[in-house]
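So, here's a batch of structures to check.
Two complexes follow with chain A in common, the first pairing it with chain B and the second with chain C.
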Partner chain A sequence: MPVQVSTVVDAEESQYQLVFRMDNVKSIYHLLKSINFQPRATFFATDSGLKVSVESAKCCQANAFIQTEIFQEYTLQPTDESVSFSLDLNVLLECLDIFGDANSNSSPTALMLRYQGYGHPIKLLLEEEDVVTECSIRTLEVEELANFDFTSDDVINKIILKSEPLKEIFNAIEPSTDIVEFNLYSNEPIVKLRTVGYMGEVEIDISKDSDMIELFQCESDSTSKYKYCHFKKALKALAISQKVSIRTDDGGLLCMQFMIKNDCGHICFIEFHCLPVVDDD
Partner chain B sequence: MKFRGKMTDAGAVRQLTNLASTLAKMKAASVTLRLSKDLSTFSMCEEAGSGVICWCALEQGQLFTELTLEGATAEHNQICMHLSPALVASALTSSKNALGVANSVKLKLTNKKSPCLTFQIDLPSIGLNPRTCIHDVPITLIPRSEWPLHEHPEVPIPNISIRVSSVKKVRTVIDRLRKLSSKLHIRASSNGDLCLRTETDAGTFATFFQHMPVIQSEDTNDGNVQTVSLWIDAKKIAQLLASDQLNTEYLTLGLIDDRMLHVILTQNDMHLHYLIAAISL
Partner chain C sequence: MKCHIPSANVKVLAKAIQTLSRIGDELYIQPHADGIYFRTVDAQRSAFATFDFHRSFFLHYSSSSNQASSSQSQAQPEICKVAMKSCLSVFRTQNINVEMCKLFFSNNGRMLVFQLVCRHSICKTHHVPVIQTETLQANYNKSTARNKLLTQSKLLIDALQNFSNNQDEITISVAASKMILRNFTETGEFMKNTVRTEFALESTEFDSLQIGVDATVTFNLKELRALLSFAEVCSLPVSGHFDNTPGRPIIFCVNNQPAFDAEIVLATMSSNDTSTFSQSQSTISQRSVNESALRKRPSTSIDPSQSTQKRPTPATPSTPQQPVLSQPPITPQIHTEIEEIQQLHWEDDEEEDSTDSMNTTQTDAVVLAYDSDGESGK
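Here is the complex of A and B:
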């Protein structure tokens, strides 16, 4: 007999390290889908919420932060060790979208996730109207993720832009592009975006005074180059965000932070780090 | 052999169009149409030479207001042919234009360099001149000796048969489960429970429907709930449901223990039958 989401007894929850409930699976689905550039995701559960990390080739990493306010219920048992697990994100996304509601306006799918601890699978209960889906997804060993040490102290440039116009700019980038370059100048009020590929080069200048730039802080001239194949992994997160902050440090490390507001008005962040291309001069 | 039929009911034309579109989407290489005094039966074999797995019989009285049929012989008063459902669908789709539906659609067996089923569509027009659109769909007549190959099999009475009204939901769930695994487990119980389940290395996934109307079940003297289940190729059922262009009102799932699943898609008084063999793990 299937267990109804709404009738799970609280006492049962004490055997689980992590239990959370959401009335509508839509927002978490879209957040996770936007960072699905690798099949493997690592979940970290803390008192302030969930952090989901996806990494590619140790060169770029996305972290989605989902605060406890987003959940209808979020219970984390106090433990000595951190609660974390890895799993196949493609499989999780198929489960979250089992009733096909992520992209439609039909009745919402409710979600409950329970995790008993190391070695145990993730147990999901999804309910839409009176139909229930139970999933048990195998967890994987948590592998060490690259620590992109991005501290505010080393930040040399920071710009905050509206996502919509930036999305249009990036959508126009030729898919065969090799390098994306950001140029910021302390004495010139523009952001110069340059793309280089075998088809040619494109330069786009964004004026500091344009509507799309909300903040422009440039302490010293900088040119940062990134491989487009890594950089474009951030574009899905850009597509669902309202604003983005782009910062680079003195080493050229890129940190993009996307602010995403869901239907209920709650705000989540996705952070994207990308290592620069080093010129062999 | 002679065949002439005139369709004047827009609903009948729509029904036939939807059926042809559905069969076309199933990507059947060839579909058989059998015309008799009472019925127009479309049927499909899985592979050339193997038995019929899909069929739909429409009553001539519902389709045609006028009908003339002279079959192969007086004794065997039927005409049997192979044709492409995609061509039938595109011929019938042209029966709608900006001014509304056709005044009439006439079907005729003709010989234009080779045998054809000719669709003559009288379209409405604003001026005095009526417009006629003629489609010749090439056919291959099937000799009488091969007719038995294209008869649909006697389907055994299912152990359990249940009716599913939430067609869209079942289609979505089966589509997601198909992406997770190539094999689908279907279990139906005489108390109206339906469970769709699959298992892979990544985990187990099961969706539970309750309170489904039970059309047919075996009497058990002890009053216990009777359960029947089988494994089928997930791709086959997913493709059947994805091809559905009938505006299906409900599905009937007949489970024959360990042997096959008999699916019936019903729209009004039209029933499309599909047999899916059970597979062993």
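Here is the complex of A and C:
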């Protein structure tokens, strides 16, 4: 297709559509790893930063927001269309950890990423102690993502919690559990998590005076059920987070926002949407 | 039945259930006037474990009969059998700081409820379905056992560490103020690549060792390991009771009066043959003469130097355990199996040479003997 060829040539002639550089790749490595529940990830570059989206069966979606402050250099060519590409997240993570020390405290790996435009691979330059690795990852067609329209008008309940105790609660959920029922009440107990599995039924109540609750707004009592297999996809993000904001709207759509502070003190967010299970009756 | 368990004891209960889960798949919970029994039996009915938590273990305890408030016609105590896995999952995460655990029945006795009151004002309620209202009773008497040992769990744990993890059974022999642990193979015949391990413990190592009769018993190791790890966590001593009567079970106990006590009853194979023991004893005494400093270390025994070794063979090698348990209506039965004696010969000069050199260099190491050649039995 001639039109595409010409745009490719243009891009080559001009500059890369997106170039960013960072001194320590770890700060995005753990972030991306925590949303790696599906191989295909879509990157959206905007002036405020990168948004990485991963979606599973149009039922749950995780978005990681990486603000420009995290990058030492971030250049986005002004174009009419948005700069976006999809790629295999597993491959990207493998490349980012090519020196194999993402989980250790050895010297940081610097990263430079360049993307020319539609149809081009992304090129990574990774450097650690004067060793440079060049990686090129083919990009995929941008997949259409479900739009979880979560406007603040529809939000009926909102709760902000400390992550640490919530991690313990969520990790204690029996893996064979099928459905997680999430209840928010305006009266005690304000949060009730109910799971039913082969092992019996478990109810976890959090009372209003709990010190893990930072903010609680409840307009009307809500009860919604989620598939545990969807719900548990958020656990990896929860594990690295400091605080969680959980919101539900009138349709039962769940939105969890995880606040994650990386080693350098920058704050990133991961947003997790999950559709409820609709009762037959 | 309704009881409240304080924070510190929740860990004990969790560990107890974990111990029981290593023995059986079903947990029998039996409240009685003065506490609760948690019991299990393994699938072959060769091992039985009971944990008896007394009234002082609980913050508050009331057995069902005290609650005559509701119009329940349940005169009998609420006894139940539940799936071990369900109970295990209640205590799956230890790191949640549990402040109190409430245990009661709900839904007319069809559900057993564990309610964990945790830090951060979190309350976890586990509804465990009751499978059956059934009770479990083992028929045994530890007071008649003529051999008794009492020791810190560490001693036995350290001793058992010398045995491979997939070792199923172990033989214990006692005679003349000494106890010898020996690994046991079902075939009775040691294969070419079988490692033989013997470990001697002097009576001074134990808190007490009463030997009423020379005895050699063989039993399953798995259950003992489970109890030992429980005893270690609670830092309590373990006592053992056994006899030389064939078919009598060996009983291990952990006592923490007045709060709780735990017992496991294991089916045994016993051998009346003590010549095995006396032979190896002689080798052991040679090597543990100056062992006061090395007391905790394994003594050695080198079998190839012995020309003959007698070894018990079970009559039914595949199932060495006998049923020691029964449901209450059935009268208890304890089968007796007399083992055949089989002789094995070691005639291997080379092996002797190598072990001799080991003798001189490392007296305190575990020296393992091999049936190294097809010459045995010549």
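Please note the rule applied: the second predicted complex is superposed on the first by the 266 of 281 C-alpha atoms of A that agree within 3 Å, B and C clash if a C-alpha of one lies under 4 Å from a C-alpha of the other, contacts with A are read in each partner's own complex, and residues count from 1 in each chain.
Definition applied: a contact is a pair of C-beta atoms (placed from the backbone, for glycine too) under 8 Å apart; a residue touches a chain by one contact, two chains touch by 3 or more.
None of these values were measured; they are calculated from a predicted model.
Peer 1: Determine, under the contact definition given at the top, whether A:Pro189 touches first (chain B), second (chain C), both, or neither.
Peer 2: second
Peer 1: Pick one for A:Ile179: touches chain B only (first), chain C only (second), both, or neither.
Peer 2: neither
Peer 1: A:Gly200 in the overlay: touching chain B, chain C, both, or neither? Say first, second, both or neither.
Peer 2: Only chain C; A:Gly200 stays clear of chain B.
Peer 1: Applying the touch criterion given at the start, work out whether A:Ile98 contacts chain B, chain C, both or neither, answering first, second, both or neither.
Peer 2: Touch status of A:Ile98: first partner only.
Peer 1: Between chain B and chain C, whom does A:Ile169 touch in the aligned arrangement: first, second, both, or neither?
Peer 2: After superposing on A, A:Ile169 lies in contact with chain C but is clear of chain B.
Peer 1: Which partner chains sit in contact with A:Cys255 here, chain B, chain C, both or neither? Use first/second/both/neither.
Peer 2: neither
Peer 1: If you stack the two complexes on chain A, which partner ends up touching A:Leu235: first (chain B), second (chain C), both, or neither?
Peer 2: In the superposition, A:Leu235 touches no partner, neither chain B nor chain C.
Peer 1: Does chain B (first) or chain C (second) touch A:Ser210, or do both, or does neither?
Peer 2: Second partner only, chain C.
Peer 1: Which chain A residues contact chain B in one complex and chain C in the other?
Peer 2: Residues common to the chain A contacts of chain C and of chain B do not exist here, since the sets are disjoint.
Peer 1: Going by the contact rule set out above, which residues of chain A touch chain C in the complex?
Peer 2: Where chain A meets chain C, its residues are 165, 168-169, 171-172, 174, 189, 199-212.
Peer 1: For the complex, which residues does chain A have touching chain B?
Peer 2: Residues 2, 88, 91, 94-95, 97-100, 121, 128, 130-138.
Peer 1: Using the touch rule from the top, collect the residues of chain B that touch chain A in their complex.
Peer 2: So the residues of chain B touching chain A come out as 166, 168-169, 172-173, 175-176, 179-180, 201-211.
Peer 1: Could you list, by residue number, the parts of chain C that touch chain A in their complex?
Peer 2: 83, 85-86, 89, 92-93, 95-96, 111, 119-129
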